Amino acid sequence: MSWNSWAEFFSMGGYGLYVWGSYLVSFACIAGEIWLILNRRRTLQKYLGLKDESTTREEK
Amino acid sequence: MLQGSNLECIRGDRVLFSGINFSIKPGELMQVRGPNGSGKTSLLRMLCGLAVPNSGEIRWNSSNIRSLGEDYFNIVTYLGHLSGVKDDLTAIENLRITSALAGIEIDEKKASKVLQEMGLEGRETLLAKVLSQGQKRRVALARLLLARTKLWILDEPLTALDISAIELIKKILEQYLAQGGMVILTTHQEIDIAATATHQLYLS
Amino acid sequence: MLQGSNLECIRGDRVLFSGINFSIKPGELMQVRGPNGSGKTSLLRMLCGLAVPNSGEIRWNSSNIRSLGEDYFNIVTYLGHLSGVKDDLTAIENLRITSALAGIEIDEKKASKVLQEMGLEGRETLLAKVLSQGQKRRVALARLLLARTKLWILDEPLTALDISAIELIKKILEQYLAQGGMVILTTHQEIDIAATATHQLYLS
Amino acid sequence: MPPQRRINYTFLNMLIWIIRRDLLLAMRRQADVLTTLFFFIIVVSLFPLGVGPEMNTLRIMAPGVVWVAALLASMLSLGRIFSTDYLDGTLEQILLSPTSLSLLVLGKMFSHWLVTGVPLVLMAPVLGIQYDLPANALFVLTLSLLLGTPILSLIGAIGAALTLGLRGGGVLVSLLVLPLYIPVLIFGAGAVEASIAGLGFEAHFSLLGAFLLVSLVFAPWTTAASLRISVG
Amino acid sequence: MPPQRRINYTFLNMLIWIIRRDLLLAMRRQADVLTTLFFFIIVVSLFPLGVGPEMNTLRIMAPGVVWVAALLASMLSLGRIFSTDYLDGTLEQILLSPTSLSLLVLGKMFSHWLVTGVPLVLMAPVLGIQYDLPANALFVLTLSLLLGTPILSLIGAIGAALTLGLRGGGVLVSLLVLPLYIPVLIFGAGAVEASIAGLGFEAHFSLLGAFLLVSLVFAPWTTAASLRISVG
Amino acid sequence: MSINWYKYASPASFYFLAGKMIPYFSIVAVILLLVGLYIGFFVAPTDFQQGEAYRIIFIHVPAAWMSMFLYLVMAFWSGIGLAFNTRLSSMVATAIAPTGAMFTFIALWTGAWWGKPMWGAWWVWDARLTSELILLFLYIGFMSLQAAIDDPRRADRAGAIIALVGVVNIPIIYFSVQWWNTLHQGASVSVTQSPKMAASMLAGMLIMAFAAWMYSIAMILMRTRAIILERERHTAWVAELKGVTGVTR
């Protein structure tokens, strides 16, 4: 499928509202989740006094 | 001056007590004594205005406490079997709110100072539900350190307290009495409190 | 023989106690002592199997109490802060049902005799909710007179009791110990109980 | 060496004691029993007020409304199964009883059903008449409730045990339990609707029966485990 | 000679303290707030399951169902207004507070409404969509709830106060309170139905408004009196 | 090379292992997402019945699948935690719930926005829709229950029970379309039958499903790490982290 113009792409054959309504909210949810997790981690790091994203440690 | 005259309490078929007379003046202590079920709690709830005597009258400076209405609650502080400590609030919040309800607003710093005096250092910001029995009771008693009322009515204040806490309460009461407060108290534990005069009221 | 080895209890951020070791034999008494909030109640709930220690082991005759499952409850009687007395049942009904749950069925006459021994004469058929604090506690304690278990765990049994009731409890405990029972007890009141050996466990 | 189990009580004895106790308590608090029933009656009677008096609409709604009301009434009384025992310390004593906890729990579930479920079953035909249901449908309605209400007590007890001691538990329990009630609702009300439509309702009934058996087997055990978690 | 009233607090201060306290408690137990809301959602969603998926029937039922659910949700949360305070002795302290008890009670009612009523009002349009209501009806539904839910909190508090300390009070309270809720239900749902039918709904609204005013004046006072009776 | 699984069952080791794995899963998720969206919007043909509206499928179906799948995984791990008292598995279960709830919400939302143009209603009381809604309630119930309990050990075990009991709902959702004859369409992807839709549509859907899967893993690992830190904040190894600056140690 190829779209002839961006306008046609955005209108989605007249169903633009529904298609974009679905996609936008879905990605908003995803973005929200990511933000929440990162925020939780940041708060924790501040609370625990961790200096950095310490994801690794030397294996012994 | 608090005066009770000819007080009677009937529960079910039973006359718990009748013809009780007493009067307390500033600086005086009254210990209500008697075995289990003799009516001490019932009497104390009458004196603070929560319950009504079956007959007889309770007067504050010669006016009936019923007629004083809410003004009487400016005079009296009551601490019952139930300590009035909310499980879902921290010790500080509990103290601030109960004293606000009694008309005394304090800030967090003050509240936490008072709690430390009650031996709750380090527990000020814990939710009350995780506190031990005795710690909860201390939170409830902390209110006394702030109260500016003239009469304290305490029902078994020593329950669940350890020895050091009992000493503390004793000191608080003595100081209050020395400043002209009045205390009505029940307890099954022996405690010796210095007061201008100590009345003993025996129920049986 | 009950043995605790290396018991640890953590609440929130706090290590209440750790490395607690003890063992009690028939006829022996253990008093758990410590100020308010030191973890006495928490320890007792572990010993009777209601809570699980964060680490360490509790053994009855060298088998872990977890592995004994319900059989352990044939051995132990626990009496906590809450007395397990139902407000809507009479004293007699309360006693009959709690002991039935513990595996001992008694009839009304027996129940009312036991309650009279506990000083509740004339209150046997009152609903528990109208009883005074101390009377309720007596109803709860009456269960001890019927228990045929080998280990009693009592958390502040003396709360709200008057002097005569305390004497009574003391006598009951001494008799039980003399017959080879084991008692684990917390209380903030001084009480002197004769036993083959008295261990003191200090928490702080 | 684990100690000998004493023999002066039997499992059955225990079961009878706990049921007797709970029924005695219910007698003392007749208000409890009556109010569950009145709640049921009031909810069923509220709908015509909210929806309007049109008989045809009402007849269509009837099975659903009666079932939803039964479900809510049963759910609201869940709080009582364990929470009073928890608050006054009796539950600790039950947990420390030297009998199978599942058995005691089963006894409590049974008396809960006797006290809340049975009155609803008996009342349902009368309420069905208010909605002008035919005799046949009334019969199926009653029978479906007879099969369904024990499931509500059984499953509900799990939720009640899990939320024990949590403030706001009363509403939290509904959140936990309602999703599990839904199949019962669908098949219970479905049976009545099928019978109104003149279709067979046996399939619905056998599904309800299956649910009942499954929950009878698993619920006491799960509830006992939940109680140990909540009190421990 | 009656003692002097101290002046280091004002009435307004008190009101703010008690509202702050109750909101703080609600925050601590976010579950409480959320679960009332979810109870509402779940009840509304249960009906179609019981009644069947037919959209026309559902649309007729919608106002009644949403209103009945709001009523039940609000009623179920009544328990929390006083009973926790009663059980832990805080209520005694409130009764012994040297302020007008009616005022404190009004504060508690207001925070109850904030915590239980407002979320229902906000959620109602979404649930209305599930029943395929037209936009206009959604608007009226929301507005009717906005007017009606405070009445539920006000009247409900009276019942809660009267049943305080009675076991099974949770169900008893519904028995006392539901009859008083019925007018609110009838006019609330009636307004929405009128708007669906294209009729005017102003009359219904002004009646609801009148109820609100009357209960605002009388309920705090009555509740205060009931509390003194229940605790005394 | 043999892996010592027990080692990674301890929260501390898992914390570091997860930290290393998160970037990979995230990158794969982003790549798959881009590819999937490209196929979905630029390769897959217009549906002859539904026009362009069907393109919601590329998010709706993966979300619906994940919502059910994650519930099963959550119930599995909490069951393991309950049975064997392994702390880590309970933490993972707790970490799964919000992501699962989010996908359930997305499935409901996109379904509704698809239903409006196709069926003419935002919502119908169809069996599948209803049971998906119930699934959302189950997730929320699980999370509220855990949130209402302060002691994490108790919260884990109580949550496990409700998660396991709720599992009965999953087969109901999956088979509801067969049991009730309703609006929502039945499974179009099945192991036994050949697919009924265009290959590019199918490919787009599957790729998006994989993207959602990878995304979920990344999110769950991140959340698990946060939970581990919160619960183990008093242990020695967390204390050790305090001086650490990144990889340099």
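By letter and in written order, the chains are A, B, C, D, E and F; residue numbering begins at 1 in each of them.
Heads up, the rule we're going with is that contacts are C-beta pairs under 8 Å (C-beta built on N, C-alpha and C of every residue); 3 or more make two chains touch, one makes a residue touch a chain.
What you are looking at is a predicted structure, and each value in this text was computed from that prediction instead of being measured.
Between subunit E and subunit F, the least number of touching-chain steps is 1.
Dropping subunit F from the picture separates the other chains, by touching, into A | B, C, D, E. Ranking every chain by how far its Cα centroid lies from the centroid of subunit E, the top place goes to C.
For the self-contact between subunit D and subunit E, the two sides draw on mostly identical residue numbers; the shared fraction is above half.
In whole angstrom, the spacing between the mean C-alpha positions of subunit B and subunit E is 35. Taking each chain's centre as the average of its CA atoms, subunit A and subunit F sit 15 Å apart. Averaged C-alpha coordinates give centres for subunit D and subunit E that are 27 Å from one another. Rounded to a whole number, the gap between the C-alpha centres of subunit B and subunit F is 56 angstrom.
Residue positions 29, 31, 35, 38, 42, 49, 52, 84, 87, 167 of subunit E are each in touch with at least two other chains. Multi-chain contact residues of subunit A (touching two or more other chains): none found. Across the assembly, subunit B contributes residues 81, 87-88, 127, 130 that each touch 2 or more other chains.
If you check the complex, the residues on subunit E that touch subunit F are 29-31, 34-35, 38, 42, 45, 48-49, 52-53, 55, 58, 129-130, 132. By the touch rule above, subunit E contacts subunit D in their complex via residues 29, 31-32, 35-36, 38-39, 42-43, 46-47, 49-52, 54, 57, 60-61, 63-65, 67-68, 71-72, 76-77, 79-80, 84, 87, 166-168, 170-172, 174-175, 178, 182, 185-186, 189, 193.
Contact residues of subunit B toward subunit E in the complex are 48-52, 61, 63, 68, 70-71, 73-78, 80-89, 93, 97-98, 100-105, 127, 148. On subunit F, the positions that touch subunit A within their shared complex are 16, 19-20, 22, 41-46, 51-53, 55-56, 59-60, 63, 98-99, 102, 105-106, 109-110, 113-114, 116-117, 215, 219, 222-223, 225-226, 229-230, 233, 238, 241-247, 249. For subunit C in complex with subunit B, the residues that touch the partner chain are 11-12, 34-41, 81, 119, 123, 126, 130-135, 137-138, 156, 159-166, 188-189.
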